[in-house]
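As written, the chains take the letters A, B, C, D, E, F, G and H, and residue 1 is the first residue of each chain.
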Amino acid sequence: MPAEHRSAGPAEGPDAPAAGVPLGDFALLDVDRRRRTGIPEVVFGPGKTPEQIFALLAELRARDPGAPALATRCPARVLDEAARRFPGQAVLADQRAGTVTVGALPPARGHVLIVTAGTTDLNVAWECAATLAVLGVGADVLADVGVAGLGRLLARLGDLRAAECVVVVAGMDGALPSVVAGLVSAPVIGVPTSVGYGVAAGGLAAAASMLSSCSPGLAVVNIDNGFGAAVHAAKIIHAVHR
Amino acid sequence: MPAEHRSAGPAEGPDAPAAGVPLGDFALLDVDRRRRTGIPEVVFGPGKTPEQIFALLAELRARDPGAPALATRCPARVLDEAARRFPGQAVLADQRAGTVTVGALPPARGHVLIVTAGTTDLNVAWECAATLAVLGVGADVLADVGVAGLGRLLARLGDLRAAECVVVVAGMDGALPSVVAGLVSAPVIGVPTSVGYGVAAGGLAAAASMLSSCSPGLAVVNIDNGFGAAVHAAKIIHAVHR
Amino acid sequence: MPAEHRSAGPAEGPDAPAAGVPLGDFALLDVDRRRRTGIPEVVFGPGKTPEQIFALLAELRARDPGAPALATRCPARVLDEAARRFPGQAVLADQRAGTVTVGALPPARGHVLIVTAGTTDLNVAWECAATLAVLGVGADVLADVGVAGLGRLLARLGDLRAAECVVVVAGMDGALPSVVAGLVSAPVIGVPTSVGYGVAAGGLAAAASMLSSCSPGLAVVNIDNGFGAAVHAAKIIHAVHR
Amino acid sequence: MPAEHRSAGPAEGPDAPAAGVPLGDFALLDVDRRRRTGIPEVVFGPGKTPEQIFALLAELRARDPGAPALATRCPARVLDEAARRFPGQAVLADQRAGTVTVGALPPARGHVLIVTAGTTDLNVAWECAATLAVLGVGADVLADVGVAGLGRLLARLGDLRAAECVVVVAGMDGALPSVVAGLVSAPVIGVPTSVGYGVAAGGLAAAASMLSSCSPGLAVVNIDNGFGAAVHAAKIIHAVHR
Amino acid sequence: MPAEHRSAGPAEGPDAPAAGVPLGDFALLDVDRRRRTGIPEVVFGPGKTPEQIFALLAELRARDPGAPALATRCPARVLDEAARRFPGQAVLADQRAGTVTVGALPPARGHVLIVTAGTTDLNVAWECAATLAVLGVGADVLADVGVAGLGRLLARLGDLRAAECVVVVAGMDGALPSVVAGLVSAPVIGVPTSVGYGVAAGGLAAAASMLSSCSPGLAVVNIDNGFGAAVHAAKIIHAVHR
Amino acid sequence: MPAEHRSAGPAEGPDAPAAGVPLGDFALLDVDRRRRTGIPEVVFGPGKTPEQIFALLAELRARDPGAPALATRCPARVLDEAARRFPGQAVLADQRAGTVTVGALPPARGHVLIVTAGTTDLNVAWECAATLAVLGVGADVLADVGVAGLGRLLARLGDLRAAECVVVVAGMDGALPSVVAGLVSAPVIGVPTSVGYGVAAGGLAAAASMLSSCSPGLAVVNIDNGFGAAVHAAKIIHAVHR
Amino acid sequence: MPAEHRSAGPAEGPDAPAAGVPLGDFALLDVDRRRRTGIPEVVFGPGKTPEQIFALLAELRARDPGAPALATRCPARVLDEAARRFPGQAVLADQRAGTVTVGALPPARGHVLIVTAGTTDLNVAWECAATLAVLGVGADVLADVGVAGLGRLLARLGDLRAAECVVVVAGMDGALPSVVAGLVSAPVIGVPTSVGYGVAAGGLAAAASMLSSCSPGLAVVNIDNGFGAAVHAAKIIHAVHR
Amino acid sequence: MPAEHRSAGPAEGPDAPAAGVPLGDFALLDVDRRRRTGIPEVVFGPGKTPEQIFALLAELRARDPGAPALATRCPARVLDEAARRFPGQAVLADQRAGTVTVGALPPARGHVLIVTAGTTDLNVAWECAATLAVLGVGADVLADVGVAGLGRLLARLGDLRAAECVVVVAGMDGALPSVVAGLVSAPVIGVPTSVGYGVAAGGLAAAASMLSSCSPGLAVVNIDNGFGAAVHAAKIIHAVHR
């Protein structure tokens, strides 16, 4: 391989991803992520100590003061203490969603409809809604319209068709996203949940059903991943409202 | 254990299952099955030679002349030769269902509606219909009303609600039985099919979705088991029309 | 698609499923379900707070005063407090079944026999029995007749054959439903349970064995789903005693 | 449920999904799908006879003459005979993609970049490209830029970042979509493929890796489902270029 | 089926399994099991209350006073209280094995060698040993001779070859039974254990390895099933020392 | 480690396994296996060329002229040509069992009963029988007594109880071995078969059911492994008739 | 097999593995392991009591005083008490790694780079580092360079290429090892971790992705097995610096 | 992110991976791979046409004339035609390994011992050996020393201990690598194979057993991946003989 070819190497210039910013000996913050992907780095709570979560939120705030910092799946202690750990800042600790937001939310653009099959799927929907708020995307939640009582969904066809993107959250059989994807022209994102038991297998049955959907174009994220669905939806809304 | 207890032993009298009837060194016909369960023994084709299948059909006919004999999942050679192997008898070789029936069909009672999600699920539906005919149960097939185009199903709500039992055959996401079970008062039987690919996993995704259904009361049989669904449905119809 | 075709749209008229009734921001009650399916909406406890469960029971009672309301898989606190949360009403809190019933039970029609393979399968059987009571169906439980001691089952052949529907609850090998389905003419419903360990895999071995049954017509519900088996059985009994 | 509530029933009016159009006894065409979802019904080849595929293509053309009809995963005979079965019409039979298109393609809007990890993933990419063409969406294919030689991808960062939507097709480890999703602001869709062997398990390893991605916002479709990825991408492009 | 055939029915006479003996509404004791199989009914602890376990032990003792009664996998409370619940009787509560034995042990015949791969597999080995003692079979335990240090096993070849039956208990890779089965002429029984993590999958890796053994004649029982291995071994020893 | 300890090393003396005998560059015959385990090395056909199989049979015969040589799962060509490849020797090519035996069979001792659930399980039973014949063990086959028609089994209780060891071969639900193990005092070996479809999963459902048996003492071998069951049974019979 | 062949038996002489050293009735220490494999026996904590762990550490120290003894995955009590249980000895109790080391560490040779995808993977990395220290191998940890922010990894290409062996620890998608293996000439070892949820399945998704890697030469150890990766790496470093 | 940080971007300079070289529209050759990893790009045959394989081999030869080009898992036609497609060049088409090598082999350094459990594992061993030859590494194959006849392995302890790296190829139980890893100080690589049936599950049982090994330091590659094992071994040998 001639050296001159390498020197005209691939990952230079304004597109190249930047090196990270170290925090203690446990993290290397990807502070360049918002520039590259439109989505800032977010703190995933499980496996981290409360102190690590607070330190990461503080550092993200410091590095990118114009945007709120978000932590998901926070343990109870983080949710309880968040407000007093960031005095003088806008702090939202959503017990239902398990999220902590530090910093003022940006104005919302666009409209995502988050639909759930049952009451128990709501935590995932609320994580999705909290994330969309941080990403500057407008969202509503339509709860408990599972296919066992189809009339509940059909009565809201107008709302469904008005959304620019639909996130459908369902456990057990995972059937609702397939039904919704056959009714609307907006992109539909399926979020399987771990609601159910036995062969539902922690959401694997719902995930497999959604991925095997007979309704074309349904795209799927991981089980209980309301955050991931929000990011995919936000990228779509960002593209539409660019 | 006192001997007198044993001599008043459990499985005597008219309820006791009878011993079988040997055929060659490869089968022991359960000719008592119809007395016990209302369903005669049926020949399951796979793994048997054509000669074994024909011999079993002949023996079943001989032992129970008042009813037709049925073989399912027959290889092509059995389907092709069946008519001339049983001269003078009513023979139905259904290429789509893979079934061979020898002997006149009984009159049909009751009404089962067999619904399929897609065109490709029809073979399983036809196996179900052929079995119901042998068992003296009336049946109709409503094809290709999967949830991707919900209007096709909703337009037939009247038919669905008129049936005494509904068999719903679906591959891929396996969502249709959950939708149907929420719409009708008749018992609903789900038949997952091997239609699909990838995570559909030969029907396992559909089976898991159906077993995890949010619609209460959906009962499920094995993948592609149109025969088993027919037997469960027939037992219901027999009870209703006793 | 011509507009006149759409205006003669599919899901209108008396058959159409009705819209739901909102409760707080977390539920949309399917109060139309009993009209459509013969089975009222039931509260599934897991993932709901005690207050949500009580609120749902109260709303179901208010919307459909002529029938009892049922909650399944209730946490201990709901079972303990149920009686004093509904003063002046008939309340049954079944610790073994995990169910709470509010309102007088309807008179029982028909006869379902619930059979268990072992002692440990009884909780599932009791959930099934409690549900059948709410649905107005008569039921008996025959416990601990697993195939390891076949004489226990054979001694009760008369009872088995007298039932209009048989629910067979079994964990571990899941063999009992296959044996029972070969002995009776009534429809048989298999309920795999999570009893067992190792390769029993939380009931998956039993479920797979039942779905693969060599006894034709065995239909299966989810692992530990005594409720679902009861609903399928009730739909059968309702059809027989219409 | 009061009748007047039902008569103001849910699924009426212009939003309601329409009933299907029967074809023989094997299909019920969802000719209303394009109105509802922006995506016409498409013929899925496997399990259908060549004659069924040709009949469905003809019917779709007749019902919706302004748009091309598409069949995917066509058997060799359909690919070979397609041109002479539709004389006088524009017919594209793409041997690599396994698709047949009948009717003139619409003009292309927007820009989707389809990226593959390896050479063997190309069939899936070509199915995706053929579908996008039918749906009026512009697309390019960038082949063989898997993570084993990261320079190949980094050299094309400009192209990646210029796309409005990126579809990443990868078998084996399924790592490429996670890498791409961390580099671009456009929505990214992962398509696992069945390329690989052993624990790759027909694409399940790639699918699980993509669904578990550490890169937020990656949405996934079924294994080898280039068609489904194209539909999700087209819905996004349609929204952007509305 | 002619009535006379049925009246000469199958399960009569001294071989027929006897009906069970009810205990409360939760158990039907198979007190005939020892006559049929040489193995008395044993109480499986999980899922039973301490009171149920004690009641079952007492009933088994009363019905078969000449033999000890055994309960396996007992919760701590049962182990702790057993001695004072059966005053005046020989009671063994083995904390390591999780077993409770009530009644004097029979004299031991024959010789089973129980071999474990590691220290952590010992609980399963001790359950096996306790069961063999109840069944009147002599046994020794050889601990911690896993294949990572093959010299430990090879140094005991003489002991291995002297046993009449060898039970090999191993978790993780499950390799030891395959090695032992290639070294001895006695029947070898493999017991996979749940020792391990990750892909060991609670013993499924060990179980699969043993079932796939290249050493002919290795027979396998469920994961952690020291009891079942003991019963199979006892049936062999009973046959040898008849 | 002191050297003198090592020089008194573990695997010396008459118990030590001997080195193998090379054959071409593809095999190292374990001609010492019969001395160690009572079971000679046997040729496993799959993946070997016919020439390799014939060479291995010839070498085994030459090394151990007093015993027959056995090859299992032989391809058709080996079965067809075996007789003329070993002129002057007793050759048995069993088309149903897939086995080739070269050399005179030893006299049979003991009595194993091989029971099958269905007709299609017979190939596995015949492999088991052919192996037992080579190992000098007497055996009978009782075919088609599956649990769907329990009377067939109960009518043969006397035969079952007379056997010294029972091998139960069953596919689909795998229920029969659990039933048999509760009826006899002889050791019972379960052989799951790949008979079945859908969730039967090539025999995995039957294997899991057998391993999870509620009948104590059932030991299990790999799916379709009639050979392995025969070896375990032979080791038992050898011990009984030593 | 002639006796003289056996007496020239296989496993004699200085290469033969030695017999173990018993400790209580629960362990047989493989004190010969370091001679054979270069790696001393190590105490695996789970399933052992604190007293057993301390006894094993003491015995290992006594048998091999020139090297430190190591216990992994220690429960909290062992970590807390270790220092005072071995007075006068160098004791390292690493809370993050879960390891206890007793005895002075040997000087470090060579250089292994341990790379983690995320912060939560660090416990596994620290177990790996602690093990390498005991084995006399130099190591550094580079944390949180997962593929979602590729710039973090590319900025450290120099460090990656300078290592003699690279251990890559990653959960979720398991993509990082495939990327690293395409960038360096040193051997790369992948360690999947249980970090993640849903389809990540406790690390199975990451493990499957790594084993299916498109980057040639990636070798993989069990999920969360930092210890095993360290041993493989140490064997490589020992070979390089022999 | 300040631009100057980005302009001092990560992946520049001599370490950066280079862009690929396009071949037709189906491949982007990673001709820089040997510089980065010591291992040239290799053609993986499955899913490619013979013409594509020949074109890739030719291009690799042209780009890197000093080294041989390798294709693995070649279809029969490629193996048969290879010699005449590259006239005047050294061509090795190894029918057993499925490999084609074009160009003179480099001299061999170091010594890898490839060990197989059975005869049927040899194809994978030969693929490994052919790859090592291309990579300039010396290798021997020791066949058929599986654990069923341990003497075969113990007789070769000297050879095992003399190797610088040991590759152990085993299907079925996958036990052999665990045994070998406990006997030698060289790094050991396990290669599970698809040899076996039933629960062996195409090699998954062997893979799981190896990954769960009780012998520390065993590293594993994909099922049947003799090529990958060779690359990992070659990287080790390259490091040792640098």
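Some points to look at:
Just so we're on the same page, a contact is a pair of C-beta atoms (placed from the backbone, for glycine too) under 8 Å apart; a residue touches a chain by one contact, two chains touch by 3 or more.
Please read these numbers as outputs of a predicted model, since none were measured by experiment.
Fewest steps needed to get from chain D to chain G, stepping only to touching chains, is 1.
Copies chain B and chain F of the same sequence differ in orientation by 90 degrees, per CA superposition (steps of 5). More than half of the contact pairs at E-H come back, by residue number, in D-G, the repeat among D-G, D-H or B-F. For chain A, the chain with the farthest CA centroid is F.
Here the CA centre of chain C is 56 Å from the CA centre of chain H. With centres set at the average Cα position, the gap from chain A to chain D is 24 Å. Centre-to-centre separation of chain C and chain F, using mean CA positions: 45 Å. Residue positions 9-11, 16-19, 32-33, 118, 148-151, 154-155, 181-183, 198-200, 204, 207, 211-213, 216, 222 of chain G each touch two or more of the other chains. Remark: chain F residues 9-11, 15-17, 33, 36-39, 42, 151-158, 161, 164-165, 181-189, 207, 211-213, 216-222, 227-229, 231-232, 234-236, 238-240, 242 touch chain E in the complex. Residues of chain A touching chain G in their complex: 11, 16-20, 25-28, 30, 32-33, 41, 44, 46-48, 52, 192, 194, 202-204, 207, 222-225.
Residues of chain E that touch chain G in their complex: 118-120, 122, 141, 143-145, 148-152, 154-156, 195, 197-200. Put simply, chain G touches chain D in their complex at residues 117-118, 146-150, 172-175, 178-179, 181-183, 196, 198-201, 204-216.
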